[in-house]
Every structure is written in C-alpha cells, then in structure tokens.
Amino acid sequence: MLELRDIAAKAGTFALNDISLAVDRGSCHVIVGATGSGKTLLLESILGLRKLSRGSVLLSGREITNQPLEKRNISYVPQDLALFPHLTVEDNILYGLRMKGIKDREHARMVEMLMETVGIKELARRSIGNLSGGERQRVALVRAIAAGNNHLLLDEPFSALHQGLRRELWFVLKELQKSCDLTVLMVTHDMEEAFFLGDRVSVMIDGAIRQTGVARDVYEKPADTAVARFFGIRNIFPGRVRALSKSVLHVACDSLGAELTIPMGAALHQPTEPGARCTVGIRPENVMVLKTDRPSYVQENLLAGILTEILLKGATHTLLFRPAGTATVVEIEVPDYALKKLQLNVGDGISIFFKGESLFLI
Amino acid sequence: MLELRDIAAKAGTFALNDISLAVDRGSCHVIVGATGSGKTLLLESILGLRKLSRGSVLLSGREITNQPLEKRNISYVPQDLALFPHLTVEDNILYGLRMKGIKDREHARMVEMLMETVGIKELARRSIGNLSGGERQRVALVRAIAAGNNHLLLDEPFSALHQGLRRELWFVLKELQKSCDLTVLMVTHDMEEAFFLGDRVSVMIDGAIRQTGVARDVYEKPADTAVARFFGIRNIFPGRVRALSKSVLHVACDSLGAELTIPMGAALHQPTEPGARCTVGIRPENVMVLKTDRPSYVQENLLAGILTEILLKGATHTLLFRPAGTATVVEIEVPDYALKKLQLNVGDGISIFFKGESLFLI
Amino acid sequence: HGEEGLLVFAGAASKPPTEEAAKTFEKRTGVKVDLVFGGSGFVLSQMILAKKGDIYFPGSSDFMEIARKKGAVVAETERKVVYLVQAINVQKGNPKGIHGLRDLTRPGVRVAIANPEGVCVGLYAVETIEKEFSAADKAAFKRNLVNYMESCEKTATAISLKTVDAVIGWSVFQHWDPARIETIPLKKSEISRIGYIPVAISSFSNNKVRARQFIDFLLSEEGKAIYGKYHYFMSPEEASAWIGATKPVGGEYVLPADWRPK
Amino acid sequence: MSLRRVSILFAFSTFALFAVLVLSLLYFYRGGLFIETLFSERTLFSIRLSIYSATVAAVLATALAVPSAYALSRCDFPGKDAVDTILELPMIVSPAALGAMLLIFFNNPLGNWIQTRGAQFVFDSNGIILAQFVTTLGVATRLTKAAMDEIPQRYEDVARTLGASPAAAFFNVTLPLCRRGLAAAFILSWAKAMGEFGATITLAGTMAMKTETLPIAIFMKLSTADIDGTVVLILIMTAIGIGTLYAVRMISRKGLHA
Amino acid sequence: MSLRRVSILFAFSTFALFAVLVLSLLYFYRGGLFIETLFSERTLFSIRLSIYSATVAAVLATALAVPSAYALSRCDFPGKDAVDTILELPMIVSPAALGAMLLIFFNNPLGNWIQTRGAQFVFDSNGIILAQFVTTLGVATRLTKAAMDEIPQRYEDVARTLGASPAAAFFNVTLPLCRRGLAAAFILSWAKAMGEFGATITLAGTMAMKTETLPIAIFMKLSTADIDGTVVLILIMTAIGIGTLYAVRMISRKGLHA
C-alpha cells in the first residue's frame, strides 16, 4: 500500500499541488494526464529523487518521506530508462539482486523466466548501446521488477512497444502483480492501457489530480471540464437544470438554443434541484447528423442548424455545425463512409442529434 | 521523392536485407514493425549515420548514397530525440535555419507559428534538461521541420504524447505536408497513427520489408503469416482450396475439421485453382461464440467443439476453443459483458462461428 | 641521518671530483658520505631549512660568506680546498674569434655571465667589467649580454649547448667539457682576484669529528690529487703562475646598484 | 559514516594538506619585507611577465589542443596511438630535460635557422612562452580529448542532418558541450604555465627585468639562500595564482553552468 | 580542406613538435655511451627508483583523489569552492617552491614531530614519494572531478532505487562509468610523478644510489656540463616513459573500451 498525503513539490516555475493518493496493496493505480502535467515529477517525488516542499509519503503505513532512496524499497522504470551504459543487459537486470545480496536460485530462475517472457533473453550478453528502443524499455522493466521490491513505479513503460507485444506485456504485468504481490503506480498516456491495467485511474492536470476513480467512471463521468477535455469531449456547453424526474434531467442550454434531455446517471454528482447551473458535454463522434430533407424519427435532443465547415481527414472527418440562432460551434466526427452517404456540402441546413446516453453532465 | 534500392546494412549480428522502397513526393510513408525489427536502423542508413553495405539511396532522382550527411537535406527526428542539451528550446529549433543561413522573416514567423501550434511556444527560453518527455518530443519535431528540408524522417515522433495532443499533431503534420510539400518517411508502432497518416504502409519484420501498400490493404490482406501475426491475427490455419465461384471460395481446413466459405476479395493474391494450398486467418475478436443449446441461425463457417480455457483479463477476456475431433486451439476474444451474458464454463460444449468477411486468405 | 654517515651539501660545479673524493674517503674510513649537489645557494637553503648536514662545500667563496652570516657553518672550520681563475670561455674552435675582453662588446656576440647576485663567478665578472670597460663599452657589453646564468655549472653549459658565444667564467670550465669548451685567458691586469672553493663544517652537524676527518681528507695529498686531476688549482701559487701575476685570494666586492634591479 | 561524509572529509584533508603547506610559510614570514618585496619594481615586473606569458602560452596551447583533441577523439587515422602517447612526453622527461631538449633543438641547423630568421627564443622572453607552451601543450590536448570523449558523436551527427557542416557541428555543438572540460583544461594549463620553472629557466634564463618570472624569482631567492625572500615570493605567487583562479571560477561559473 | 583533415594535421603537428625535440637529441647521441650508461648500476637504480616512487605516488594520489573528487562533484558543502581552487596550488607555485614549502613544513614543530616519530622524509627516498604525491594530488583530483562531472547523477539515483547504498552506487555505477577519465587521471599523474623534479630535488636531494631519480640524474648530468650523458639519460627516460605508457594504453584499451 502506497499513500501520498498532501504532497507538494516544485521544479522551476512548475509546481505539484497537494496531491493525495492511496494505492491499495496488490492493485495497479494508473495516472493519466497531458504531457507536461507533472506525472514524472510526481513519481520522482515519491521516490525521493526530488525534495518535497510539503506532505508525506507512506509505504504500508510506514512514513518514508525522509528515508534515503535505497531504503524506500520502491522500484522504478524512468521515462528515459536510465539503463547503466557500462553494463550488459544481464548485469543491468541483476543489479538490484546483487545490491540486495539476494543469491537464491529461485529468484534467479524467476528473473530468467521473466527475461524470456518479455523476449529479451537472447540479448542477455549485449551491451545497452546497441539495443533498439523497445528492447531497452523491456530491459528497464525487467530490471525494476527483478529488484524484488513490492512497490513499482512505472513511467510510460510500454510507450516504445508495438501493439501486439504491448498487450502481451500487459498480461505479464497482471500475472506478476498477482504472483509477486506487486503494488503498481503507473503513468501512461494510452487510454486502452489505463483501462486494461488500472484498477483505479487518476487524471492529472497542471500539477494537480483532478479526479480519481475506476477507469470507466473517470472516462464516462469526468469530474470537471478539464478532465472532460482531456478525454476528448470537445463539445462542452453550459446549462441550467430546468426540471428533473426520477429517470431524466432537462437542461436548458442557451448556447445551443435548445433543451437537452439527459438520463440520470450521466454524471458523478447530480444537480439536486431545478435552476442549478451545470455543464453538458458530448464527444464529437457521438453527434449524429441527419439531413433535414429526411424524416426524423427522433424528437429529443435534436438541433437544426447549418453545416459551416467540412474538414477532411482520413478514416474519419470533422464537421463543424452551428445551431440555428446561435454562434456556437459543435464539432462532429463522422466516418468516411457516412460522409459519402450523406453527400453534404458546406452551407447545407442539417440537423444533429445527441443520443441521451452519450451526453455527459459535468 | 525518396527511393531506396536494395539497401543492406549491418549492425553487429543484425542485418537489414535488400530493402527497396519509394516514397512519392508529398506523401507520407509509414513503416510499422515489431520492436527490434530494424526500423531505426533503416532510417539511420538512409541518413548516412550508418554505412550501407550495398544498395543506393536516391532523393528526387539524385543519388545521395555517398553524400555527406549535411548535403542530403533530410531532416530527422531520432527516437532518442538527441536534443542539444546546451541550447534552449528556441536555439534548438532555430539550429537548422541558422546553419543554412536562412534569415528571412517569413520562415521565422512560420517556425514561431509552428511552435505555437504544437504548444511549446512558452517553453522557448527553457533549457532542454527540465522539459517533460512529451515536450521534448515536440521540440525535436519542430526542430526537424524548421530546418526547412523537404524530406523528413520521423522515428516514433508521437510516442510520448497523450491521445488528444497526438491527434492534433497528426493534423498539424498533414497540414504541413501540404503547405510545405513534405515527403515523410515515418516509423510508428501505433496502428491508428499508421492508418491516419500513412498514404502507404510498409511492414518490417526481422530486417526485411514484408509488405507495402495502402494501410487498409495491408491491415486487411496481410501478405504472409508473419505480417498477419504482427497485425494481431492470432488464429492461422493451413487449408486447401476445394472449389471457387465468382463470389466465394471454399477452403478445406483439416486442422479445424471443417470447410470455410470465404468471400472473394479477402486476399491479396487469390489462389487461382482448386487444390491450391492456402492459409486462412481470423482475429480473435472476430470469432463469435454460440451456446450449442441455442438455435443457430447461421450455417456457414460454424464449428462445434469444447471450451478449453477462460482467461479473464479486464475489459475483454480470452477464451480457448478446441474444434471437435482436432487438437487445434482457436483463440477467441469476448467483451466482458458478453462473457457474463453467455455464462460459460470450461469444458462446455459450444459452437463458434467466423463471419465470412472477417476471414483472411493469406 | 645515521651516526655513521656524513651528509654533505655541495655545489654542483665540482661534482665529479667531489664524488670521487667521497668514494675514496668511504673506502679508507668506511664512513658513508651522502652528497647533495645543487646550486651552492640552493643547497645552503636546503641545509638551513632541513637543519641537517655535516659539511657545507659550496662552489665558491661568497656562499660561505652567507652561510657564516646565517650561522649555518662553524666559521673556524672553514678551509680553502681549490683555487679558480677567471677566464673567457668560448665554443670549441672559437668560431667567433674572441681573443679578449673587448671582443665581447662586438655587435652580434652573445654573452652570458653568471648571476652576479648569487654566483661569485658572476660577481667577479662584474668587477672586471666595471674596472675595464668605459661607459660606452659597458653599454655595448650589456646589449650583448643575453642572460645571467643561475649557477657556475650552468655558465659552462651555456657554452656546451652553444646558447651563447662567450661567457666570463673560470678557466677550469674547459676541462669540464673539453670537447666543446675552450678557455681564452684574460690579461693579467684584467684579473683582480683569485677565486677559491671553501669547505666548512655545518652548525647542524652532530658528527663534527667525522666531518673534520672528511675535510682533512680533502686537504690531504690524496684529496688534492683527485682535484688536481680535474685541473683545479691546488694552491694560490699555482693559480698565480697560470695568470702570470700574483693576485689576492678572495675578498669582498660590492655589486653596483645598476646590476641589481629592485 | 556515510559516503558523503567520508568523501567530504577526504576533500578537506586534501585542502588541509595544501593549506598547512601555505600556513607553514608564515613561520618565516616578515610583514615589512612582504610589502617591500611586493611593490618593488622587479617583483611587479615578474608578476606581469608571469601572467602575460602564462596566459599567452595557455591560450596557444589550448587553441592547438582543440583541433588535435578533435582528431584524436573523433577520427581514426594511422599513427593515432603514437600521437596519443607522445602527449605525455613533456611530463615524463621533466621540465629541466625538456628545456635542455629545446636548447639542443636550437643548436641544430633548423633551430639555428629559426633563431636567425625568425624570433629569438634562447634567453629571450619568447623563450618563456615557448617553454610554457611546450610543457602545457600535451596536458591541454589530453584534457581536451578526455572532455570530448565524453560527448556522444550522436549530437554532431544530428546537427549535420540539420544542415551543419562538420566544422559547424563541431563549433556549435561539441565545443560548447565540452566547455566545462575545456575550461578545466585551460585553467590547468594556465596554472601549469604559471608555475613552469624547469624548462623556462633552462631555455630563457634568469635575467632580472627580462626573463625572470615569479617561479624563477623564487628559485633565485632560494639559490641565494634568502629564505625570508623566498617565503615572501611564494606567498605572493600563491595569492596571485589562487586568487586569479578563484575569481575566474566564480565568474565563469555563471557563464558555464547557465 | 575538411575539418577532419585540418584536425589530423594539427594532431600530427603536435606529434611533430615533440618528435623533433626527441630527434634533435640524436645530434648529440653516441651509441656506445648509451649502452654503457643504460646498464650502469647507477642508472638502473635511478630507473627502478623512478618507476617505484612514481607508481606509489600516483596510486596514492589517485586513491585520495577519488573520494575528494566525488565530494566536489556530487555534494554541496561550505568551503567547496576553496577546496576546488586550492587543487591548482601545486602547479601554480612551481615545483621548487613546493619543495621549499615542504622543507619549511618539516622545519615546524608539527613537521618535526612527524619526522622524529614517524617516517623520515627530508633527504630520504620517502621524500621523493611525498614530493611526487603532493605535486600530483591536485591534478589527479581535478581530472577525476572533471570526469565525474560528465556522469549524470541520475544513474546513481536510479541505482539507489534498485537498493544500492550511496557507496555501492558510487562504486558500481559512477566509478566504472568514469573509468576512462580515471585512467587518464592516473596515467597523467604517473607521467607527472615520473618527470617530477623541482619538488623532489628540493625535499629529497640528489644523493646517488639513494634519492637520485631519473630526472634528477638528468639534471645533475646537465649541471656538470656532461651533454652527452644528459642526452643519453633523456633518451632512456623518454623510452621508458613513453614505452610504458604506450603499453599501458594498448593493454587497457581492450579492458576499457569493451
């Protein structure tokens, strides 16, 4: 169990602010966040590579805030790997074991098997300098795990691997977590990875943790607009609750010139009373386009307006839409084949439609 | 236009073999491949950082095989970035311009705008040492583009960026390609990236290029089993063409104990006559599971057998299936909710079913 | 230092005969003699700083003067061992055709003398120059003067290595490197005094009896024979005979201020 | 005791060693003489001469060292090992022998020709610079090479893909990257040149107001058994040398570590 | 002309400079004398003494330099700049002055005490080692520090996350990473100690078969205007020194660059 209590640290003009976090024993906690949001800094602060200006770090209930690095028993895969350039792959990997004076056969066999599993066993005698990017990353991973600590901090450990191998290593990591009772805190920018590996996920923005929860919850119920934006919810509109029933919520969005009907359960914190301010969001890919000349079979969450721009991209394209009587821009992502079928032109009057279940209340 | 003719190079015991490639002017050619397959080596060979043991490199028809590095006019974003640690972000970026003595205002403004677009403008005066991983990557990208060459080699240039920013930069790159007439050769291990950016895609395996083509073709019609495996087609079975009509192909797969019906157009090279050997593949996620106690509404490509293992993973799970009367293992990936609905147990007799259009003929 | 052995601080100029003498003395008495050679002043500094040593044996008289003033030697024990006569030394074969003092003022002749501040052969040279040269000659000489050599032996080496055309040194230089050095005698009037090499017991010695014994050996016939072999003058008479006139031995000469920049 | 403590202890014991040496000079120190000696025309001349020639020699040596070090660090060529090894020659043979070798060289027809046609070196202030240059060249090259060896060639290569010529890449990338090593090389060369004595005295002589550098003045004082004078000059030398280096270090710290 | 060519040219001109100096010795060379001098008991003693004391001094200096350099490179402590600057003292004050300082030190009550209770240094072969040690300590520390400065602290930090104590991280990571710099420091120290002359002669004197190292023997030959002997001894010194260094370099190349 790894616990952070109100940690704060500084790096130049950048600051980590009051970060609290608890990673349960044996679980994997994933930190996601934009580049430059302070994820690496946070890991370094936990490890003692950076001085905290405030707060404390606890490991299995024991405070380690002022412990020297080597006494913390936390292994680390740095973003830049920091493999020892003068040692072979094998010596890099066995470094931790040797430092701890662990000589037992079983552990050594475990390490060997691990090397085999991640596919670097044949590299054992190679020097670090002539490995490929992905090979290095795996060496760094094995080196950290082989050190035999129960706590593991991983800074984007799979970023240089191709999809197939990456997925394989996810399984390996899950397996190891169980067999070695590992508590993992990991940084990634791959959402799939976060979903797959993360028992819980934290979203870091500008040096602060904005939301923590189960992956799906965080993804589907962003706590604030910044988190929503990070997860690709590019359409965000302010609103006001007009009425609420047991199953749905009616929100008036002036900027859209329309009232939206949202099922209950679309937000973390439900506005409790009519008149409360709120924010509604929707992913561009969840906005449906209807040609106005076709009969529409939906009535709710339907907006009429004008198609103001078509941005051709590739597999999908982006459309910009202006609801009638407003200056708001709604972003819509449509697949290539759909666009072809619709035969749209800039300036066309079209309707769009938000599926209730894909609307977010923030 | 960048052309490689039968390039070969060595690095220790690893060798690049007879690589030929042509990147059309203004297009983006993506190289995908497993880690350690030689992608970085190939880029380095093109740039002249490594000596070729054979073959030639042509740029716009002009041979540059023996030209000094700086005369090749190819910009490069190395996998390890190699930013100059003694220069500020701005000086790193302007390095190329200064070396070429380009002083015109417009170019400088273009570079400034580029920095703004990728979000590193406020970092201009910072030193390289205290940038985050993703910030560094963007600096390296801008540095390469700012040098003003028409040819650009990118080695996993977006690997440290989160999804949102990564997508934005895809657009930026596409835009730049048009506005600056850039010919791009790029390495990635992100398939989405390859699809989005790559006009053409090459698959590299063990130092050789196994297949080149339009992204979708390569993905859907792998040229050989190695490529197929790389793209996650983990179920691969040998077969023999039994009959072929205008629209479908009947393939007998002894290892499955069944005959498969495959629509024409599922392979790059169609077997021309009955009796020809061929290989059939299918992705685990395209294998459908039917409980045998339910009535089946499909007849084609249906296999009965036994569920031998359930590997619980997370969002999706893997099932292993043995067709009746064989020793073959078929891998099946099912979403979590589906597994729950099916209420399967190891040892159950179940049926599986391959959708014709998701079968590959290799 | 062991009770048995003797530690001698000696000027490097007389190294070969002194080494030979020490060896002979060792053979005769079984007393080990350690010789520290160097510039006479330099070894004196060493002796004072180390507070060690039994015998001080400089290359020339003026250092004995200093040693006496500093109380580094037992004054009464001073003895003169050999005698030296001033001369011009030139390269073998005398390529510049230097035959007398006045030739040293000729343009284009590179001349050196020993440092008159520390080395007596330099001081003697200055005395001669001051006495013999007019102001114009002196100026011409100073123009030709390229260096003050820091020791007696360096003054000789300057000729050996052909770094200068002539030095005003000792007549004995010729015998130090006969293949390269040639001595041009000065006129007898030009020589004011005869130089000598003294020896004395160091005040730091705690083995004065043995030290006395070594000095006695140097002054014995056997000792003298060794120095004679190296063409030192063994008595004032011998030196006067070589000059062709009788000159005083040693004595004081105060270096004029213009030779002593502050 | 922790590594940190132990290592700091060692650092201070090195300091103490040298500090004790300097302090023990005070045993012979006489204040009045210090002022008198320091402000005498002769001492001031020596100080100026020492600083001037050490600076010129160190600049020359470093300037020559940089390209040589580049060749030794980056290029492969026949005879490289020989070049690399001979760099230690000036240290190995001892300064006095080096001076003798220089004298012997000027004894040769070639050396003679240089002296008659070109500049005088023997017993001339040019000789000081030459002697100091020759003694420091080897160490300056060795240190610069060591510094360059630590800079990966990769940066240069990448600079060239950005259009820099090999020379530009060298000047803009490698050279500034090893600036700390270069500064260390220069400072050490300067210090070595300042303290150079054996080769200087042999080649350039000891003439007051002409070729008498501070180390030679110290030696001359010692040679005239003037121990008080020696102590004073050593103190002056120490103060000037260490003071200058301390100042340089403080000033360049900002520039170098920025 | 390309940078490569120019830089190689410079490297060879450095080589040529030293080579010409060595070759010009042959102007005075006499073969018979060479053999005779080389195999005389006295020369052989000098060779042994030189190699022995230089090796001991260089080993001691490097051993002390490593922890000091670590402190200067990795730790912050008050007085660090002073320690850092005083390292150049032995170069600045010139060897003869350094020797004089050592003599003066042993004149002190403390120095005296050491000499009576501990080992004899003044006019003793211990003095040679001490003089060489003191002259090389500064440069050894400076070079080792420069080498360590180039190794990012990060490796040590990561080693510690793997359970290495600061000392273990230092010995297993930093030290081997700067092994080339360390080797260069040792080699330079050895060369410097081999050629050390000023401090040695001042502290230990010139006693034949006792404290006469090769540089001192050369000096004494020169002092007695024995040019032929000087030349022979310089050649012997050069051959031994450069030969040893070349051999060391060839052998360690494999070990270091592996």
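Each chain gets a letter, A, B, C, D and E, in the order it is written, and its residues are counted from 1.
In this text, a contact is a pair of C-beta atoms (placed from the backbone, for glycine too) under 8 Å apart; a residue touches a chain by one contact, two chains touch by 3 or more.
Because the structure is predicted, anything quoted here is derived from the model rather than measured.
The chains touching subunit A as well as subunit D are B, E.
Seen from the C-alpha centroid of subunit B, the farthest chain centroid is that of C. Chain centre most remote from that of subunit A: C (centre = mean of CA atoms). With each centre defined as the average position of its C-alpha atoms, the distance from subunit B to subunit E rounds to 58 Å. Centroids of subunit A and subunit B (each the mean of its C-alpha atoms) stand 23 Å apart. With centres defined as mean CA coordinates, subunit E is found 15 Å away from subunit D.
Work out the mean CA point of subunit C and of subunit D, and you get 35 Å between them. With touch defined as above, residues shared between interfaces to two or more other chains in subunit E number as follows: 100, 104, 107, 165-166, 202, 222, 227. Residue positions of subunit C touching 2 or more other chains: 42, 45, 49, 151, 161. Annotation for subunit B: residues touching 2 or more other chains are 80. Looking at which chains touch one another, you get A-B, A-E, B-D, C-D, C-E, D-E. Here subunit E touches subunit A in the complex through residues 154-155, 157-166, 168-169, 172-173, 176-177, 179, going by the rule given at the top. Residues of subunit B touching subunit D in their complex: 47, 49, 68-70, 72-76, 78, 80, 82, 84-86, 95-96, 99-100, 143-144, 147, 149.
Note for the complex: subunit C touches subunit E at residues 1, 7, 12-13, 15-16, 19, 34-38, 42, 45-46, 49-52, 151, 153-154, 156-157, 160-161, 173, 176-177, 180-181. For subunit B in complex with subunit A, the touching residues are 11-12, 32-36, 39-40, 79-80, 126, 130-135, 137-138, 156, 159-166, 171, 174, 189-191, 195-197, 229-230, 232, 313-315. Per the touch definition, subunit E reaches subunit D in the complex via residues 2-4, 6-15, 17-22, 24-25, 27-28, 64-65, 67-68, 70-72, 74-75, 77, 79-98, 100-102, 104-105, 107-108, 110-111, 134, 137-139, 141-143, 146-147, 149-150, 165-167, 170, 180-181, 184, 187-188, 191-192, 194-198, 202, 214-215, 218-219, 222, 227, 230-231, 233-234, 237-238, 241-242, 245-246, 249-250.
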